[in-house]
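What follows is subunit A paired twice: with subunit B in the first complex and subunit C in the second.
Up next, the complex of A and B:
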């Protein structure tokens, strides 16, 4: 179960179902529910870690390695088996990657831009977001293999996605209470797999996995005495940065990551009945750094730190990611004001440079162990 | 029957003196200094440029040669060597040299070690240690022994520079470290020394003779080297160029230092602390006075040895 989810997350395109068309999407603000209801298998497109190639000549030097690697993957034909790709407005670098793909994509490729607002509050935001989600549904109905998003289909898709999130929620609690059984890096690999595997299979596997881990967690254990950490950041191409933290002697018990809890933590009890309600729900989720105002996310991070009794926080910021870099000082101050030290590491091409980062992480863990709380 | 601990035997576990030395062995030691007991711990600091080892005697007494705090542990052996490709060999070499220095006069055997901790970037590559601790924790611990009451440590090593806010008993309160870039590290000085054909030992004294320090950018070692080559081509005196290099490094290190709460005394450790020109430039940049202990390059190894003692 675990292996299949992790393998799917590592290579989403190889794990597509054969009985229906697949559709790629890029940002966690793209509602999977709409893609499912329109008859497609949604594949969250990641980016291969490592050096980038042809995209370097198409994107500006300040674009992050994620935008570059994503575009590289598209240029090298990774999307060839997909019915198309849905982008959302996240940031200028990803938008530039989309514009470059529009120019270079084979004729007739379906490329949709879900232009969700960056400012989440204000007059007309709900109406506008609803119209954008409706426009996505209408566009998908016109793609080969697509179908109309009816109320029944939407209800079925939202139930399935809510089910996935509930199981991930149960696993999140195991990660917090027993990180020795379910390390944070594995939790994120599983969450990544849940965005790659055929969703009803993923839901089945996740529910069974949650049963298994809950049963194992019920057995008594020796506390490991490792510092409990929260990680915060954007999209991670690999779990390497998380494993590095764990290898340095700390446990990741909570996260504010694009692949992780920030995306999963939707209200569980209100299943939307219409595209407008679904759009509103995405507007009210824990925002990412590319959205405004940032305060709901800051509050969320501090609440997570309290709920999970973390000793400190590690920021994993994609190098050249302006939205996260802008929020970082304020979020760091909010977290440190609660007496929790933080550490900043930069991620590039899917990993953090391990030599120096390891020294910083180990020193951070030594500091937490020595009780060097607020300084 | 005498029995000293064999090389490697005590590594990997804290060994109590009763385990390793019998009465005859202890009888060889000068009673008046060691109360009949010699319990040694070692710290090995394998940096990117040099390896350092320090051996301390827990039962040392106040006033003994090399005493680093009274009463308390005494440094009885130390060694420093450049690191080549084989970082493990460098670790063994300095540890051996420091143990030889720690051996009582006339002894032909190496004294036993009750515990060893490795630090520095090669800390995980040295199997001779029972544990690895980062150089940040070790420099803090070592500095508080060298300069009691220290509040801030500026450590400029071969490939890293770090600023550490230190609390009571050498506890790390906060720290910052340079990014991936080598600007502001000892490596930067090495590259510049090569470009100017001046030995690193001459760098400090020469720079103090500068009349008009040159402007060198502080952002990148590679770019700064090409600037230095341009300055060389324009016939600027070496001392002015070196002073400019120190100023550029000092600006970089000061930028790092301002990110933690600076408190006096501020101690400078690491190999670059031997460069008086750099020390003065940092003092000017931060408008503070730096304390440079004689054993500055050994602060990390000393801290590791003290932590080995405290963890035993």
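Up next, the complex of A and C:
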């Protein structure tokens, strides 16, 4: 179960179902529910780790490294076999990656830009977001293999996605209570797999996995005495940064990551009955740094730190990610004001440069072990 | 930054420049005066794409931190401010206008007689130029504990949908209420507000009309104004748009340039090549432009300066001024798709009869710069014009190496010569 989910996350395109068309999407604000209801298998497109190739002739090196790597993957044929790609308005770098793909994609490729608001509140935000989600549903109905998003299909899709989130929520609690059983890096790999595998299968596997881990977690254990950490950042192409933290002697028990809890933790548990309600649900989720206002995310991170009793936080800043880089000093100060030291690591091309980062991490973990509060 | 020795051209300055200095001084002095005790003029910090006409109609004085960033950059003074921001945790990869302003804000130091910008009563950022300003203004709002309004203008890749226009228009209505509240005034009666707004929009229309006339005059050979004139003379259209002073100033510039055209006076003596500039100026190295001038290369257009000519409010718009503003402020250069940008660029190259294009790949300004490689390729391959891509930054000189830039400029000039 675990292996299959992790393998799917590592290579989503190899795990597509054969009985229906697959559709790629970028950004956790694209509602998977709509893609499912329109008859497609949704594949969250990540980025190839490692140096970029063809994208370098289209985007400068100061574009966010995730956007460059994403475009590089598309240019290298990752979209082949997909019915198209749905982008969402996130930030200027991803917008540029979408624009570049529009120019370079094979003729006839389906590319949709879900032009979501950057504001999450204010007059007209809900109506506008709903109109954009409706526009996505209409566009998908026109793609080969697509179908109309009816109320029944939407209800079925939202139930399935809610199931997935519930199971991930159960696993999140195991990660927090028994990181020795379910390390944070594995939790994120599983969450990545849940965005790649055929969703009914993913839901079955996740529920069974949650049963298994909960049963194991119920057995008594010796506390490992490792510092409990929270990680915060954007999209991670690989779990390497997380493994590096764990190898340095700390446990990741909570996250504010694009692939992780920020995406999974929705404000309400009930299921939306319409596209408009679904759109509103996405506006009320824990926001990404690219959304305004930033305070709900800041509050969320501090709440997470309290709930999971973390000793400190590690910021994984995607190189050239403006929204997270602007938020970092304020969020760092908020966390440190609660007596929790923090560490900043830069992620580029899917990983942190391990040599220096390992030394800094080990020193940080030592400090936490010694009970060091904020300096 | 080490400056290689390079023979430069002497600027043929416009007579109007003398008045420009007075305008700049008056603007900033006015802002400091507004912050004196018992002053009744509130100050708003706004982005360059903010719907400033609404604030002016409400009697609020707009101040432009981006312009302040350019001012600090042109004095070659940005680096210490950037470093102060970096010490506070703001990455060196972030926009240098933002770092310059944040550094000034955090240290309480500045380049206006040693002072930072006057404290804001209200902050207004429009996302139409980039997502960076939203985050930058959030930082500012936290620092000053000041009301913040974000105008969210969805990306207008291939034009605008009615839903987008309605969304932006609704926010403009909201701005009237939010701004009035922030400056502790009752929201004005709708009819009175609309009357005042139309007056301001008319002043904007007159100024942008003159600005367009100025750009058109540059089609002449030799061109009467090059990039330095235009970068310098950008100040009123950015910061005084919607005021009579702005209209009066550009009338003077327009007349002076028309006279130069009539007399056949060029901004660059011995004009041999006509170039177009893409992106923000490199404020700390105008010598780079002078170097080109010295070799007979004049700039006949800049996408950056041209962008300020788009606010063309017509009498038709009087029926729904906020709707017209919603459209205009959504369709500015940095909020449109690459295809439309290319079309505008090609039109400009043709209209100004350019022989080549210089693309400033500006590390700080992702919205402007990302996509330039594709645009440069299109200019070269589809129009057959030589292009030069310069990697630099608008204010942070640490991101710029003058030596390699000059080598590339020389190669570009050789290419232009071979094609002449």
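Here is the rule we go by: the second predicted complex is superposed on the first by the 373 of 375 C-alpha atoms of A that agree within 3 Å, B and C clash if a C-alpha of one lies under 4 Å from a C-alpha of the other, contacts with A are read in each partner's own complex, and residues count from 1 in each chain.
Quick note on the criterion: contacts are C-beta pairs under 8 Å (C-beta built on N, C-alpha and C of every residue); 3 or more make two chains touch, one makes a residue touch a chain.
These figures come from a predicted structure and were not determined experimentally.
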{"item": "Partners on subunit A (subunit B, subunit C) - clash or fit", "value": "fit"}
{"item": "Touching partner for A:271 - first (subunit B), second (subunit C), both, neither", "value": "neither"}
{"item": "C-alpha centroid angle, subunit C to subunit B via subunit A, nearest 10°", "value": "80"}
{"item": "Subunit B versus subunit C as contact partner of A:370, first or second or both or neither", "value": "first"}
{"item": "Partner chain in contact with A:214 - subunit B first, subunit C second, else both or neither", "value": "neither"}
{"item": "Contacts of A:123 with subunit B and subunit C, given as first, second, both or neither", "value": "second"}
{"item": "Winner by number of subunit A residues touched, once subunit B and subunit C are compared", "value": "C"}
{"item": "Touched partner set for A:359, first subunit B, second subunit C, both or neither", "value": "first"}
{"item": "Minimal inter-chain CA distance - subunit C and subunit B, angstrom", "value": "6"}
{"item": "Intersection of subunit A interface sets (partners subunit B, subunit C)", "value": "none"}
{"item": "Residue ranges of subunit A in contact with subunit B within the complex", "value": "341, 346, 353, 355-356, 359-360, 362-363, 366-367, 370-372, 375"}
{"item": "Residues of subunit C defined as touching subunit A within the complex", "value": "88-91, 93-95, 98, 127, 130-132, 134-136, 138-139, 142, 150, 152, 154-155, 157, 161, 163-164, 166-167, 170-171, 173-174, 337-339, 361, 363, 366-367, 369-374, 391"}
{"item": "Subunit B to subunit A touching residues, read off their complex", "value": "121, 132-137, 160, 165, 167, 171-175, 177, 179-180, 261"}
{"item": "Residue ranges of subunit A in contact with subunit C within the complex", "value": "57-60, 62-63, 89, 91-93, 95-96, 99-100, 102-103, 113, 115-119, 122-125, 127-128, 131-132, 135, 289-290, 292-294, 317, 319-320, 322-323, 325-330, 332, 344"}
